[in-house]
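What follows are several structures.
Each of the two complexes below includes chain A, the first together with chain B, the second together with chain C.
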Partner chain A sequence: MAYGSFVLMRDLNFTINDGDVFIIMGGSGSGKSTLLRHLIGLNEPAQGEIFYRADNFTKADPAKRQEILRRTGVLFQSGALWSSMTLAENIGLALEEYTDLNPHEIREIASLKLALVGLKGFEDYYPSEISGGMQKRAGLSRAMALDPEILFSTNLRPASIPLAHVCWTI
Partner chain B sequence: MAEQDQISFQRGDDTTLLVRFSGAWRLRGGLPSASLVDRELQSAAQVRGVAFDTKELISWDSSVLAFLVELSELCRQRGINMDRAGLPAGVRRLLHLAEAVPEKKRAQRRGRSIFSPTRGRFGHRRRRLFGRDAQVPRRDERYLCSALPHEGALPACGSFLLIQQCGAQALPIVTLISFLVGVILAFVGAVQLKQFGAQIYVADLVGIAIVREMGAMMTGIIMAGRTGAAFAAQLGTMKVTQEIDAFTTLGLLASGIFSAAARDRFGFDDASAVSLRRFRRCAGRGHGRHRECSISPGPRTFARPSMRLGLTDLFGGVFKSAVYGVLVALSGCLRGIQCGNSSSAVGDAATSAVVTGIVAIVAACGIFAVVFYVLGI
Partner chain C sequence: MLDDLILDLRDSLGATVVVVTHELASIFTIGNNSVFLDAETRTITASGDPKELLAHPPNPTVHRFLTRGKGNKYEHKVSPTLIGAFVVGALALLIVAVIAFGSGQLFRKTQEFILYFDGSVNGLRIGAPVKVKGVEIGSVKDIKLETELGSQIHKIPVIIEIDLKKVIRRGVAPEKAMDPNTIREFVKQGLHGQLQTESLVTRSALRGTRLVSRNPAHASSSRRATIFNTRRSQLSPPSWNRPRRPLSGSSRRLDDIDLKRLIDSLTKTSDGVGQLVSVNSPTLKSILQSVDQAMPQLRGAISRLSEVGSYSKHQRHKRVSGPPPDLDRCAERY
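Right, the complex of A and B next:
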């Protein structure tokens, strides 16, 4: 991984198996988030390749990349909820895009996902109307909206997310 | 898809209904409704309990959970016991988790604008118009998604809301500027033309200038300052808060989103620019005539039969306004996407969007002037 001529990390080589909980730890500024951004395609590696099962993510065309990314969920550090949508809409967008569910079913699933993180009843709230911790939990719900095979998180166990909810994601 | 044949029912004894799950339950295909169970319960009124058999359940995801949550609510309403022992341990644990925190009663929200997309007077009207469950777009992020180049086209109500936000809500400032520009043109024109005894042409001066050039250009500049900056700031903020990253990782390519968004912008900018320009043109012309009369209230002014204003001028102005709308949209979206990852970068992006938009509009205006001159328009 590199930013221009500045090489951040080299010789990275690891495999994550089904069911693994893979934690990357390091000091501030060591490149944890940058590594994550490479894994989910937000940054491109200077050299090397990333594989999801047999699929070469790095060399995949855009359509294939989208297909791979649909199997993943990402919980961003700040939640990254779309601020002009309600929590239910944040969760429902992925379902709307990638499933054949009708609006009622999407709402139902969104409510379920919110209930799993202790936010039942907050479906119609906007992100700005809830606390930071609740936003992170809602972000977790959104990341899990499509029941992804892989969940990426930049902060696995923020203090605001109860341990039970983290276990659910694992 | 979880089809009906993936659920079967069996009466375990006189008072228990056994719900048997089979096959693979996947969210992507759809959800079975708990009404299936409801019908079974209605057909056997003496049922006092529901049990589950999941031995033939191959795989499951949230679709099973959603079904069971709905069924649980149904059982609670009917006073029927739901025996979860037959469910997979993971399902039981998740159900317990979903029910662990009671539902929060919605707090009353106050102080909503009547222009609120979902609430307030306009929001309720639109809800009534498009239906309660209509997926009404909300502001730009929703439109970015709705405008994606797939089967989900931008809904008409979304276009309406965009026009409202960027068009109608800009009318006061556009009107004010129109009034002032009209007054300035009339005064300056009248004073200069009076030296040649040609005050009668003040109306032509103001009318043609407004319709051909100033109307479109001033509206474009105002839109660059108001709407273009808003686009850039909103997109920049979305970038800072990783909302754009979230779009990307969801599998919605950012490039596609924004190119579609740009097209979307062009559309409503054209429309709003045209409508605003018309409004402004009328205001400008009106004030121009009025001021001309006040300076030189001679009978010749009123005797002027008509201005030399033709449809060519009108359509030329409309065409220019459309181009200016495109430029405003482009500059706003471009600078927003190019925004850095800090709050100051958002400010820079907004500033840059305004400057870029205005420069582009003025440059285009100059090019148009040359081209129209060459073409004799």
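Right, the complex of A and C next:
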């Protein structure tokens, strides 16, 4: 991995097995998040190749890459939800893009995914109306919307995940 | 909770999870495989199950990372005894500082009084000494200004603090030597506050003096004040609306003068002088021309008058009756 001529990490050889909970760890600034960006195609390796099973992800054309990424889900640190959409709409976005489901079915699946992370009943809430921990769980729900084979996640444990919250309204 | 969710989703959906984190709790709770990125060597220095790496760290860096915050041998542990000793030492230093810099001020027994001044207390500062016959018995604690709505008269309450240890009375406890009843008795006998200059170059001192006589010649009324104990319910302050006698005569005389008329008259006079001496004034020009033309005739008349005078002097003894012939000629000419 490199930024221009600056080599951040070299000789990174490792294998992730099916069903693993694989931890990329290290001190601050060691390049953990950069390695994740390489794995999901946001950065390109200066040298070397990344394989998903037998598929060469690094040398794959855009269509092939899209097909590979279709099997993955990404949970970002802050949840990365669209603030102008409700939680159900956030989850339904990927389903609308990659499936032929009708809006009613998409709504049903979104409710199911939210229920899996303990957010049943919050379908019509906006991200700003829920806590940070709940946003992260909603992000996890969205990452699992397409039933991915591989789930990528950064910094799982937020500062606190409240069991209840108070919503101030004006 | 999110860790448990990850494990549940992994088990129910059969997904593979890749997690980027440095949180030890998450690493040991959910991780079964890992890589450790070393920023110094810029490569992977350890891989495998995090629990195995903790049990058998391949290098000190990995051990430090996986055991940080647990007082391992690579971390310096701060001794609780050392912290306790530091706190005790700091408290001891604080007590010494209070005693040294406070000079016993914290343990001093004091009594507060209020002095109401009618006039200016210019020069008086907080902390100025309060003296009785040259003996410093306290200091000025506060100076305020009291006003009353609709009144032009202001009062200046000066709060003084008397050190009770400085005042002793035979057979009386120190705290009772300056009790309100005693002070009330002293005030009846003439005790009052007086503002005096302590030095030309230093500061004013408030001196409480026991006067035998209330003769105003001894002290200016505006620089005197009556003493009151701070418990105001026991002694009421002086009346607000008492007239100020030294100014009343002068103000009455000022009222008698019609200042408006005086100013109007001065303005008219000034305007007249201005018009008269104006450079473009035609009246002034004509006057100056007339004076210029009359000057030669005036000089001639003066010289003839002098001739007439000398004639009269020489012919006085010849005069019989009637005017002299030359004089008649002069009279006809002029």
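Assorted remarks:
Quick note on the criterion: the second predicted complex is superposed on the first by the 155 of 170 C-alpha atoms of A that agree within 3 Å, B and C clash if a C-alpha of one lies under 4 Å from a C-alpha of the other, contacts with A are read in each partner's own complex, and residues count from 1 in each chain.
Here is the rule we use: a residue touches a chain if its C-beta (ideal position, glycine included) is under 8 Å from a C-beta of that chain, and two chains touch if they have at least 3 such contacts.
As the structure is a prediction and not an experimental result, all values here were calculated from the model.
Looking at the shared chain after the overlay, A:147 reaches both chain B and chain C. In the overlay built on the shared chain, the residue A:10 is in contact with chain C alone; chain B does not reach it.
Of the two partner chains placed by the overlay, neither chain B nor chain C lies in contact with A:38. In the superposition on chain A, contact of A:116 is made with both chain B and chain C. Counting contacts by the rule stated earlier, residues 116, 118, 147 of chain A appear in both its interface with chain B and its interface with chain C.
If you check the complex, the residues on chain C that touch chain A are 1-3, 5-10, 13-23, 25-27, 30-39, 42-44, 47, 50, 65. Interface of chain A with chain B (complex): residues 37, 40-42, 62, 65-67, 69-70, 72, 74, 76-78, 80-86, 89, 93-101, 103-105, 107-109, 112-113, 115-116, 118-122, 124, 142, 146-147, 164-165, 168. Those residues of chain B that touch chain A in the complex are listed here as 1, 27-31, 61-62, 65-66, 69-70, 93-94, 97-106, 118, 133-135, 138-142, 145, 150, 152, 238, 241-243, 245-246, 248-253. Listing the residues of chain A that touch chain C in their complex gives 7-14, 16-33, 35-36, 39, 116-118, 133, 136-137, 140, 144, 147-158, 161.
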